[in-house]
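What follows is a structure written as structure tokens; I'll ask about it next.
Residue numbering begins at 1 within each chain, and the chains themselves are lettered A, B, C and D in the order written.
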């Protein structure tokens, strides 16, 4: 399957501002790209990129005061298969986790693992460890939390989600990630493209958030927001939580004016359909 | 100057538990060691170590149910000079920061940078950028926050410190680090040994926390708790905040029973003095 | 001046639910009413009312499962004068406050006075006590906080407003009330009708929130949201904060479906103008 | 049974300060007093008292800079019976609650009922309403929260107790009160004397906190901290939470230097035993 990936994001900048952007396809998917994955800027800027401590490809640039447009269009090859499921995947004892995974058990800005230890064990402590327990976490979050774009806010933490029971995709994943870590299951936040391929409903295309849990020696995709295996996820970045993988981070004021994402199957001779998304 | 470094930390473990410990001297100081820096355990355990994503040497082991003792004694060479001061050190524009430093501008578990942006600019926005501004932050925190061992708690964040105005050394540093980051000054939390060498008062030896701010192309030591240049800091670990550099992290229950640290100048023929500290 | 006051509020109720409503004009204004101030319900319910501990006239009823409509229309006489201003009004020493006012110095659900003591003194401690200090508080809140209907949430406290710097009218008043109390100035939250009489801009009519501060032996109206004297406020209720004076409190689920308020000057032969408001 | 009640509380005051004190026996117990219940002050001050909005007898005075001592000794007659228990007491429908009880269903400073609705129903929604459900709440809090004098802090809310699982008597009651209100059971915070009469362990005498729940048309005593019926409670004050019924409230700085409470059975010819308590 071929998937067209594109975005057009525009800001008004009251002053020059340094920015970092996690808008590239994740290095683990770079080999699937059929067109270059280039970040175009208007005005044309000197963009450099580097791998951050999580292995994401991060772009940096300084944008001058005025209007800024970030855009890209690329094509990626995808298996077309839904997220893999492995009901028999087991949790690893902490002692057997690779060194570099220990950080995914700790507290982070939006995942107050230290405040959730008892709550997580009360809710999920009696469930058989392994895939089923992570799935039980997703089921709980998916059932208990309502989706509402109006209820997003940048400071909302897992504890806020747990008490307010409403949020957007990042909030669902933060709560699920926190429950996993509190149970000593390594979990990381993921961001990328997710459209409506294979979904009966005609859903909008957008950047989205999901998470990964480490079972049986590898990372697996979970999504407490949608909570069904989906086709066509294209990973952009992983981190401890949304603080690490913001699509754009502005070190100064930047007012979002326009936000548009395309992620859709592209067939021979077919025009890509696009949908406007406001954050 | 020679400094004797030692600790004796004891736990009761109700069940087997995996632990990680940042009890080694930081790799940047390993060349100054005159005796091996070995983590001894009772019972004798298989201890491995690795460098975490911040470059700290982290020990890992699984401790069996029962009593656990972690101890060490080593000797390190030190310049004997107080923390360097450079009043003319300038802040770097974000655009010119090395890639790997951008993470030290972000929010973390105990440093809610996203909630402090306005507050930091209201308090320190009019102060000339550079060393003097970081020092102004330290002065503010040092003056406004009272030290009280009774008011420590593991979940206390920079915002809690800002409103409660009381805490222990980690709390002082979390608030100062958060102010720095909110002003786009890279700052990282540091933990290590700090005794009373060169201090007129006879203060207890202990592990301590301080922080580092990045000015003029390098990291500089600041300490919002003590707020005077000190002699004899021996760095153990740096990270975004205390969540990254806990002395010990137990992935299960571990009840601290005894805590004892030595860090004192050792002269020819002189016995090291030691002081009992309860956390 | 005559002011037409009316509302039409509709809910869907998944089950029978007990409700309390502060929809009556405040007893202090009852003498100005030219038409009865009756709460009409569809279906017709047995509505009783009582004076709560703050002196507000509170209606109670049990609504059956299904659709519920609360409505009223009444006419009130008003001085037509803007909120009084008294620059020379002085703060009272706590010792000279009437007994019943001490509660208006304490912490409440959305006003964490205990967390603001230092902050309030840092910001306003050097300002001459009296009217000017309360006005300085209003100026600060008015300048620093942005109005945004999208950023309302029922759990937002004064501390959240102080850090997020965005909210709706209740949020502005909560922060101002908290600053006042932290400085030992009695302050209470007020809710009522406020339209656009005398305002050059054509603003929507709505229920609104403002607050009252106690100076020189009496309560005075302040409004950190609008921050200019306004004509035509009609008080409905006062309390410690919004928890005490919710327009409606449902002891069970009640889904708001429609919300419409009229508050406008009525002249001989003139039709009242009405504007639809969604909460 | 006769119970000797006494206290000796001392402060250092850096400046003159107005204070309010809820140190009198509650008016509902005034008829049982065998000696006057007088608040003595050193220096001798003009103390007035009034009934607050909850019906508590509140003392007020202005204390001059320097040392302040508040003390009293009185004798009260008590039934000598443990807290009554009525397993068949039923919850009242909100619709049938007296008007003045509705406030005890709302959120307050330390009881964020609005954040606990879902949690309370998840934990206790399936338990048969009535006495047994309030008891289940007490059992849960008593079992899940650890008592630790070192972990007290004035800003700790029910949510903090729920996540930190440690606190002092006020914290236990705040969490239980919040659960009750979230389930539409009126609950109020109570403070008073509680010693060790009838308790096999020799516990210290102290002021203590408990709570009252409204079932079957009356208030009943519950105590999530001790969670057994106790003999010899002497009520001083009730309110929404600890913000309303602080033993002393200082409108300015007051540093506690000494705190001593007596509450013990007094028999003919027997000297009262006394125990020193630090808060």
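FYI, a contact is a pair of C-beta atoms (placed from the backbone, for glycine too) under 8 Å apart; a residue touches a chain by one contact, two chains touch by 3 or more.
It should be emphasised that the depicted structure is a prediction, and the values quoted were computed from it without experimental measurement.
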Contact-linked chain groups that survive once subunit C is dropped from view: one piece
Between A-D and C-D, the pair joined by more C-beta contacts: C-D
Maximum centroid distance from subunit B, chain identifier (CA atoms): C
Interchain centroid distance [CA atoms averaged], subunit B/subunit D, Å: 41
Distance between chain centroids, defined by C-alpha means - subunit C, subunit D (Å): 32
Intercentroid distance (Cα basis), subunit D paired with subunit A, Å: 48
For subunit B, residues that touch 2 or more chains besides their own: 112, 115, 155, 163-164
Residues of subunit C touching subunit B in the complex: 112, 115-116, 118-119, 144, 159, 162-165
Subunit B-touching residues of subunit A, taken from the complex the two chains share: 18, 20, 50, 52-53, 58, 60, 62, 93-95, 99-100, 102-103, 105-109, 111-112, 114-115, 154-155, 184, 243-244, 249, 251-252
Subunit D-facing residues of subunit B, complex: 150-151, 153, 155, 163-164
